[in-house]
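Next come two complexes built around chain A: one with chain B, the other with chain C.
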Partner chain A sequence: MSSLAIYGERQSGEDVRTQNITACIAIANILRSSLGPVGLDKMLVDDMGDVIVTNDGATILKQLEVEHPAAKVLVELAQQQDEEVGDGTTSVVLLAAELLKRADDLVRRGIHPTNIIAGYRLAMRESCRFLRDTFAVSVEKLGKSCLLNTARTAISSKIIGSEIDFFANLAVEAVLAVKRKTEVGKYKYPIKAINILKKSGKGARDSQLLKGIGLNVTRASQGMPLRVSPAKIACLDFDLRRSKMKMGVQVLVEDPKELERIQEKEYEVTKSRIEAILKAGANAIFTTKGIDDAALKYFVEKNAIAVRRVAKDDMKRLAKATGASVQLTMADLGGEESFDPSFLGSAEEVVEETISDDKFIFVRGCKNLASGTIVLRGPNEYMCDEMSRSLHDCLCAVQRALESNYVVPGGGCVEASLSIFLENFATTLGGREQLAIAEFSDALLVIPKTLAANAALDATDMIAKLRAVHNAAQLDSNKGNLSHMGLDLENGHLRDNLEAGILEPAMSKIKSIQLATEAAITILRIDDLIKLKKKQEDESGEY
Partner chain B sequence: MFQVPVLVLKEGTKRESGHKAQLGNITAAKAVSDTVRTTLGPRAMLKMVLDAMGGIVLTNDGNAVLREIDVSHPAAKSMIELSRTQDEEVGDGTTSVIVLAGELLSVAEPFIERGIHPRIVVNAYFKALDDAVEVIDKLATKIDPNDNKAVNNVIASCIGTKYMSRHKELMCELASTAVRTIATEVDGHKVIDIKNYARIEKVPGGGVEDSCVLRGVMFDKDVTHPKMRRKINNPKILLLDCPLEYTKLESQANVEIAKESDWEALLKQEETYVEKLCSEIVKLKPDLVITEKGVSDLAQHYLMKANISCIRRVKKTENNRIAKATGATIVSRAEEAKESDLGIAGLFEVKKIGDEYFTFITECASPKACTILLRGASKVLNVMKTFDILFLNSKKDVLNEIERNLQDALCVARNIMRDPRIVPGGGATEMFVSKALGEKAKSLEGVIQFPYRAVSQAMEVIPRTLLENCGANVVRALTELRAKYASGKETPWGVNGQTGEIVDMSQYGIWEPYTVKVQTIKTAVESAALLLRIDDIVSGISKKKDDGQNASQPQNEEE
Partner chain C sequence: MDAKNNIKNNRESASKDRQKAKDVRLSNISASKAVADAVRTSLGPRGLDKMVQEEAGDVLISNDGATILSKMRVEHPAAKMLVDLSKAQDIEAGDGTTTVVVIAGSLLSACLTLLGKGIHPSLISDAFQYAVEKAEEILDKAAQPVDVNDRTAVIQAAATALSSKVVSQHATLLAPIAVDAVTRIANLEEPDAIDLRNIRVIKKLGGTLDDTELFEGLVLNQHVNKSAGGVTKVAGAKVALIQFCLSAPKTDIENNIIVQDYSAMDRVLREERQYILNLCKKIKNTGCNVLLIQKSILRDATSDLSLHYLAKMKIMVVQDVEREEIEFIAKSLHCVPIAGIDSFVPEKLAKVDLVEEVSVGSEKMVKMSGIQGKHKTVSIIARGSNKLMLDEAERSLHDAFCVVRSLFRRRFLIAGGGAAETEVAVGLNKIAKTLEGAAAFCVRAFADALEVIPYTLAENAGLPSIEIVTELRNRHVQGDKNAGINVKKGNISNMVEENVVMPLLVTVSALRLATECVRMILKIDDIVMTR
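Coming up: the complex of A and B.
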C-alpha cells in the first residue's frame, strides 16, 4: 500500500494506459468474429439459464456485463451508436479499439498523448469532410433499388441473411409505409411507428407486414365481438375497476345504512364512467389499467371490444395513429365526470386474430397516421428475438438512408479510400500530428481486414490490392470509377460495390468514425486510475 | 507496483468459442434428439418421467417429455423450445421436429470439422428448405373437410403412433366431432379455438369405449344444497360472475357502533341485501343459477325456496364454455340480469360417477363449445397389475396420456379443417423430398452442394427411425425404399411402422396434414441454422445488475 492518503489503489502513467487499452482490445476481440456478412453469432447464457443468440454488437456487450472501467466506455460507445444510428455497432467498437492500440504504440515511441489526440481529431474532421463532400452518393441518383440494397447490406450479416430479399423488401415497405411529412415540409420516417410482434411457429418466411397496429393483448371477455368496424377508439389511462379510496383513507360511518350506500356508489362510479364512454360512441376501449370483471357486461351488451392492461408504449402509439387522446381522468372543469366524443380516435376496424396459439388485437386503417406491424415467425423464441433485433437494425439503416439522403458503398470501400486520403493528407503536415494521422489512416483498415479475415480470405493480400486500387482512383481522375471498389467476400476478389449494391447510409459511417474517435480520445486522456475501497470495508478495517 | 492482469468480464463467466462451441452445440442437440428418438412411429415406446415433485408423467409425446426435462446446455434448451413451438402451432409432430433438427445438425458436423464456413452450410440449408416446401406443395392432395371418413383417416394416422392406437376409431370420432362442434365461420375463414371451447374432462373408471363428446359441457361440481333439483329438462340457465353473498367494500370502511340496535341493523342489512339479490334472480325464473363466485347459505335458502338449483365456484373458463354452449350471456351483477341473458339447454343433470359428482349440461341446440368425456384406465390397470406398487395411484397418469393423445388428435382435426391438404405419411413425404433434393444437388455449383446433399440424407432419418423402432432390418429396408424411389415412379412408398415392410402409402392409408409436415421441416431447418451460426458461448452472466464493486479484485481475463 502506498503512502497515499486514499483508501484504495492508485495506478498511474504507462501502467494505466496499457491496462485500459488491453481491456478495450479484449472487448473488440470478443466482437471481431461477428462482423460482416460471413460473421457468426454469439450465444449468451445468463445465470438463470436464459439464452440470447445474437450478432448485434450492442446487444452482446450489454449482456456481457463488462467490469473494467475503460472497457465500459466501449460498451457505452456501442450503445450510443445503437441509439443514434441503430446499425454499425460492431464496427464502431472495432475501430475504437484499433485506434487505441495504435495510440499505445505511439506513446511508447515517446509522443505525448495530447499530440495524438490532436492528430486523431484532425483526422476525424478531415475524413468526415471527405466522406460528406466527395464520397457520398445521393439516394435520388441511385433510385429505389438503392433502399433495397441498403436494407440488404444491413441484413446480410444477420441471422435472416439467408432470406435476404424477403426481409429487405419487408423492411423497405414498412419504412415507406410510415412516411409522414413534418411541419417544415421534410419527410420523416419514424421507426417507432413500426411495431414488431414476435411469435414462435411457422418459418421465418411466414413473417409478414401488416397495416395498422398489432397489440399483444386479448379482449377482456370472450362475450365481446371479435371484430368491430368502423371502430371508435377510446384510450384510457385509468382504472375501470370498482373504485376505492386511496391507501390510508378511512371512511367512518355512523349509520350502518351509509355502508350500503358506499357499496352502491363504488359500483355506480365505474358504471357511470363506462356508460359515459360508451355513450360518446366508443366501441373499442383500451386501457392501460384494469377493468372489473363485473363491468365487462356493459361492453358486451353494447357489442364493444374492451382491452385491459395495454402497455404504455403501445397506448401512445395507438393514440397517435388513431387520433385519440389518452385520458388520464374523466373529470371535467365543472367537477363532473364526462367523456367527450372528440377524445375518440377512429380506425376502420379493430379485430382480434389468432396467431399460432396466441391472440393479438389489430387496429387497422387508422385515421391519422400510417403505422405498420411486423409479425415475425420462427422456430423458437431465441430466433424471433434475434430476428427482431436484426430487423430493427435494418429498419434504422433504411430510415437513415432516406432521411440523410446519402449512401456510401460498403464492404471496406470507404475505409480503404479514407485511409489513402488521410495518408496523403498526413504528408502535407509538418508537426507531430502527422504520425497520429498516419496511424489513424492505418487503423481504419481494421474493418476491411476483419471482413476479409472472417471470410477466411488472405487479409494482407486483399488489403494491398484494395489500397492500390483506391490510390489509383485518387491520383488519376480518369480512374474515378475505381473509387467504389470494395471487397467481394463470397468470391474473394474486388468489385465495384456501388454497382453490386452493397450500400450503407453515409450518416452511419460518419457517426461511427466520430464516435469511435471520441471514445478513443476519452480513454487516451486517462493517466491515473484511483479505485476507492468500499466505505464499509473502511469502517471494519484493521488499521 | 505489480502488474495486474486486466480483467474485462465478470468473475465466474465462462466462454467457449470457435469449433469447441459449434461442436458442443451439435452434441447437445443430438443428445436431446436421442432422448425422444424411440417415441416416433406406431411402435413407439413410452417414456416415464419422474418430475421433481415425485409425480409421474407417462407419455410418448415429444413435447411432454422434453418439457419435464431440465437441461443446462443452452443449445439443448433451444431444441426443447422447438417442440413447444410445434405443439403450439400445429399440435402434432413434436417428436419428428426434434429428431429431424438433431439429424440436420449431426450431418453438418463433418462440414464444420472440415472447415467449411457455417454460413455456407446455413445457406445450403435454407435453399434446401425452399425446395423441400416446393416438393411437398406438389405432393399434397386435397381432401374434403366435410367428408368424415377422409378426415378420420388422417386423424387415425396420428393416433396410430400413440398409446391409444387400440381405440383408434373411437378417438378419431371424438376428435372430429368435437372440432366440428366448435368450428365457427368468421369473415369467411374458420375459427376453431380448441384451447377455450373444447375441454377434455377425465373421469377415471369405466372403459375407454364409454368416452364421448357431449353436446354441451360437463364439470366436476354439485348443486350447493342437497335438496335442490338434480335433474331438469329444458332448463333455463343464468350465468353469473359475481358472488351471491354480502361483499365487503373495496374502500377501507369502519363502522363505529354506538348502540346495540345499530349492530342488529347492520346484520339485518346484510340479510336484506342477499334477499334482494335473490329476489331479482327469482323474478327471471331461471331453473339453474351458476356462478363463478360464492353463494352464501342464506342465498341458497332463498333459491331453493324458488325451486332453483344453484352451482357455485365454477371456473371462469368453464363459465365461458357454458355461455358458448347455451347461448347465455354472463351477467356481472345480479341486479342487472335480463330475460335475454338466460341460456337454454336440453338437459341438466348431476350424476355421481365413481366417488364424485359431475354436472352435465347437455343436449344444447347448437353448442359452440363442448366437453369430451374421457373414461378409461380400469382396463389398462388390469394389464398393469403386475407393477402394482408403481401404478397404484397411476390411474390419472394413464388418463393424462390419453388426454395428450386426444389433444394431438384434436389439433390434427383442426389443421385438416383449416387446410384440407394432406401428404403421405410413414416417411414417404420425407423420401420424396430426399430424392428431389438429391437430384437438385447435382445441378448446384460450388461447395454449397455438399451441405445441400446432406439435407437430402438427413430427411431419411424419419423412415430410418420408424424402421429402427419397429425392429426391422434397417439397412435392408432403407435400401429397398431408396431403390423404389430411384425407379422414378410417383408411388408414395413408405414404411409400415408396425411390421417394417415397405408399402404403398396410398394403399396403406397413412396420411398426415400438410401443415404439420411443412411446419416440422421449417422449424427443424431454421433452428439448425440458428445453432450452426453460433461460434461463441458466454455463460454465467448474472441477470440483475449488482453493485459491481465487490468484483474489483484483480482476476484473470477469461478467454
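Coming up: the complex of A and C.
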C-alpha cells in the first residue's frame, strides 16, 4: 500500500483490530479476579499516595487512567453500567472482552467483521427477549424476601459480605423508607434521598439507619440548645457576616470616630437581618455560607440553633424535605429587606447528636418527604469508603428490583441458560451469522467460569454440569424447575438459586448484555487507527 | 565557450524539467490515491469505522468520509485536494463524501495507466470532461422522478443514507425524523433556500438512540436557574430574549465610589436593591414571565438579588444563552432580541403555550411547545449511550438532512447499491465504441474506473467481489437499470424494489466533483515550495 503522509501514525486492517482487542482483554484481565462473592480486592494508590481498596469494577477502572483509545471504550462502558444500573460493572467488562476475543478468532478464520457484528446483534436481541419473556420472575410472585435476597446478592461480593444479613436489611429498609408516589401514580424510590455518612471507629456492625436527614456539621456555638422542637427551619444561601461593601466601593474616612461608626453600621446591617429571620419564627437556621462569631449571640439569646457551612447539596435536600425555600437574599418587593414566615420549613425536631467522637445535626420528622441517613462505621477510612460504594451498589440493586419489578436467579444461572438457548437458536439459522451466535453463546459462559475459578473450583467440571442441567430444562418441559439451577460457590455444587435466594434485578442483566454487545461492536467496527501527533508550537503558523 | 556551456545547461535543464513534470504528476497521483485507499473500507452499509485519536487524546469514531479526512491532517498538497473534495461534496450534497473520494482515487489510477501509454494529460482531461457530461445524461435517463410530498419515498432515500452509519440499526427511527424535520423548514417554492441551520440537534447523554425525538417547538440546552427557587413550568408563557444584564452596574476599573459617611453605606445597599427592583418591575409590567438571558463576560448576567426578585415575580429565568444561539431562538419564537431595558416593550415578546424544564438522564433542558405562528425551525433531541455514539448520530443525522434537501432541490431518485455507477459504466462503454482516437481510450478507462464502487461495496461486505461485479455488469447490459448489490442477502437484486435509493443530485455531484478534482491534479506539472 502506498504511503499516506499524515502528521501522525496510522495503522489499519487486521493489526488495529487485534491490537484493540488485546488492549481490551488486558483491561478485563485486571478485573477478572474480583468478580463474584469470593472475588478479591484491588488496592489502588494514586500519585498523591491516596489509597483506595475496592472490588467495584467501575471504581477500579476510573482510577486506572487508561490511555489506549479502545480500552477507554471499555472503561466508559463500566461507567455507563454504573450510571444506568449501578451494579454489575465487572461482569459487563468481562463479557465485552470475551465477545471481542472470540470475534478476533472468527476474523482469523476468515469471517468478515460485518458478519460477526450482524450475528452478535441478533444474538443480543434474542437473549434480551428470552430473558424478558421467559426467564424473569416477578417480584410480587416471590414476596418481600426477594428484595432482601437481591440486596444480599449484591452485597455478597463486597467487603461487607461478612455482615450480609445486617446490611441487606439496612439497605432494604432504607430504600423502602424513601418510597414516594409520582404524579403518574407510579412508585419511585429515589436513592438520592438516602444520605450516607461515613465515620471511622467501631465495627461495620455498628452502622445504623437513622430516620431524617443527617448533616455532617455542628451548631455554630456551644450556647445554643442541643435540640429544638418543633423546628421552624430557615434555609439561607447568603452570608451572615459583617456586611462588606461591594468591589469598587471604597471607604475613605478622615475622622477616626467615623471609622467606628462605619464598623458599627456593618454589624448593624447583619444584626437587622438576623432579627428579621428570628422574628419570622425561625428557630433552626441553616446557611451555606458563614456566620460571624459576634452575630451568634443573637441566636443564643433566642434559643435558636444556627448552623453554618452546610454543603449545597445537603441544603437542597433539606429544603425539599422540610418544605423550606432557600433564600438568596432578603430583599423584598418594596426594595427593603424582610423575611417572610412562608419561607420557613418545618420538622418535628432538629437535634445535635454525638456519634463516636463527632457531632452531627439531625433533622427528623420532616414535613414533606421521608428521607433516611445511613451512618457507616468501620475500622478505617478505606473500609468506610469501600462500604459506602458497596452499599450504593446494593441500594441501586434493590431500587431496580422494585422499579422494574423483575428479578432473575444469579450465580451464572442466567448465562448458562442463555448459552444453551442461543446455541439451539444458532442451529436454526443458515447464514454466516450462525458462527457468530454460537461464539456469543460461548462467550456468555465467561461469567460462570470466572465465578467458579475465583472460588477455586474446577471451572470446566462445573460448567459442564451446569450446561447439562440447563439443556435438560429447555428440552424437557417436565424439568422446567431445573432452569433455575446455578452455582453454589461455597459448597462447590449446583443448586436452585431462585430458592437459595441468589437474585439479581432482571434489568441489570439485560442492560449489561446490551451495553457489552454495543461496546464490542463499536470496537469491532474499527479497522483503522490514526494517532495524530502534537503540533509543535513554532510550526503552528505554517499549516 | 560560455555560449556553448549555456546551451548545454539549457538542454540539460529542459530534459530535467520533463522528467520533473512526470515525477510531480506521479507523486501527486500516488499521494491522492493513498487518501482514497484510506477511506475505502468505510464505504457502504457494511463499511467499517475509523478511530482517530486527536493530539489532545480525544477519540473519534466515524465512518463519514468528510469527517475522517478533515481530522486526518494530511500533509501532501495534492492529497489535501482530495480532502477538500470530500468537504465540497459535504457542502454540495451532504452525503456521498466517501464515494466521491473513492471515485477520484479510481479515476487517478486510470490516469496512471493512460499516462503510461503516452497519452497527453490534456487529452485525458478533456476526455474525462466529455465522459462526465455523458454520464450525467445517462443518469438523468435512469433516474425516476419522485413526488416530494410522498413521505415514504423520501424516507427511503434518507434510510439508505443512514444505512452505512454506526447508527444503521436505528435507520427506521431516524429517517422519518430527518424527513419531517426538513419538510417542516422547507419552502417548496424555493428549494434552494433550505437552510439546514434551522434544524438544531441537541445532544443529551444517556438513554439509547431509540429515545431520539423530533420536538415541535424549541428546546434549549440550558437549565432553569432555580437558585432562588424559581418556577420551572409556565403555561401561557410570554418569553423575552434579552441581551443585557440584570445586575448592579459596575463602575469602570479606574473609578471608585467613595464612602465617607456611614449613612452612605445604607444608601449604597438600598440603591442597588432599588435599581434591580426597578428593572425587574419593568419586565414584569410588560407581562413577561419567561426570561432568556444572553451570556455575558463583562458582568454577571444575573445577581442573587435579581434572581430573588424574579423568582418572587414568578418569572422563569434561563441563563447562559450563547450569542450564536440568539438568532436561532429569535427565529423560532418569532420574537425580537431586546438589547436594553428601555426597549423592553410587550411587542417584542413571544407567546408560547408551555415552557417547562424537563430532566433527561442526569441533565436538564427547557422545552417550549405551542409556539404561535408558523414553525420556521425544528429541534431534535438526540440521545445516546455514550459520547462517541452521540457525536456520530449527529453527523449521520446531518447526512440524512442533506439527502432530503438534495431531493427537494432535484426531485429525482436513483437506485443505490452500485446500480447507478454500473449503469453509467455500461453506458459509457457503449459510447466509447463510437469514438475515435485517444478519447475512446480515455472514456473507456473512465467507465471502468467507476466500477470501483460496486467492487468496493462487495468487498466491504465480505462478498466475492469479482463474481458480483461481473454479474452486475451483465444484468445492466441486458437492460436491468436498477440491478444493484444486495449487501444483506449477498446477491444481485432490483434496488428500487429493495428500497435502496438515493437522490440523483448526490450521485451527479459526486461524479462531477471527482472528475473536476482529477482534471486539476492531472494538469499540475510542477510544485514550487515558497517560503
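What we mean here is this: the second predicted complex is superposed on the first by the 513 of 543 C-alpha atoms of A that agree within 3 Å, B and C clash if a C-alpha of one lies under 4 Å from a C-alpha of the other, contacts with A are read in each partner's own complex, and residues count from 1 in each chain.
To be clear about the criterion, a residue touches a chain if its C-beta (ideal position, glycine included) is under 8 Å from a C-beta of that chain, and two chains touch if they have at least 3 such contacts.
Remember, it's a predicted structure, so these values are computed and weren't measured experimentally.
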item	value
Partner chain(s) touched by A:N303 [first = chain B, second = chain C, both, neither]	neither
Partner chain(s) touched by A:T427 [first = chain B, second = chain C, both, neither]	neither
First, second, both or neither for A:P113, with chain B first and chain C second	second
Touched partner set for A:A71, first chain B, second chain C, both or neither	first
Partner chain in contact with A:F238 - chain B first, chain C second, else both or neither	second
Partner chain in contact with A:R525 - chain B first, chain C second, else both or neither	second
A:S325 touches, of chain B and chain C: first, second, both or neither?	second
Partner chain in contact with A:V269 - chain B first, chain C second, else both or neither	second
First (chain B), second (chain C), both or neither touched by A:I27	first
Chain A residues contacted in one complex by chain B, in the other by chain C	67, 243, 245, 248-254, 262, 266, 531, 534
Partner chain A, residues of chain C touching it in the complex	30-31, 33-35, 37-38, 41-42, 46, 48-55, 57, 59, 61, 63, 71-76, 79, 166, 169, 206, 227-229, 248, 250-251, 255-262, 265-266, 268-270, 272-274, 276-277, 304-305, 307-309, 312-313, 362, 385-389, 460-462
Touching residues (chain side chain B, partner chain A) in the complex	1, 3-4, 6-10, 13, 17, 21, 25, 72, 74-75, 77-78, 81-82, 84-85, 88-89, 117-119, 122-123, 125-126, 129, 186-187, 191, 193, 195-196, 241-242, 247, 249-258, 262, 265-266, 269, 273, 320, 323-324, 329-333, 336, 519, 522-527, 529-530, 533-543, 545, 548-552, 557, 559
Interface residues, chain A side, partner chain B - complex	11, 15, 19, 22-23, 26-27, 29-30, 33-34, 37-38, 40-51, 53, 55, 63-68, 71, 159, 161-163, 200-206, 221-223, 226-227, 242-245, 248-257, 259-260, 262-263, 266-267, 292-297, 300-301, 354, 356-358, 378-383, 386, 455-456, 531, 534
Contact footprint of chain C on chain A as seen in their complex	1-8, 10, 12, 16, 20, 67, 69-70, 72-73, 76-77, 80, 83-84, 111-115, 121, 237-238, 243, 245-246, 248-254, 258, 261-262, 264-266, 269, 319, 325-329, 331-333, 335-337, 432, 515, 518, 522, 525-535, 543
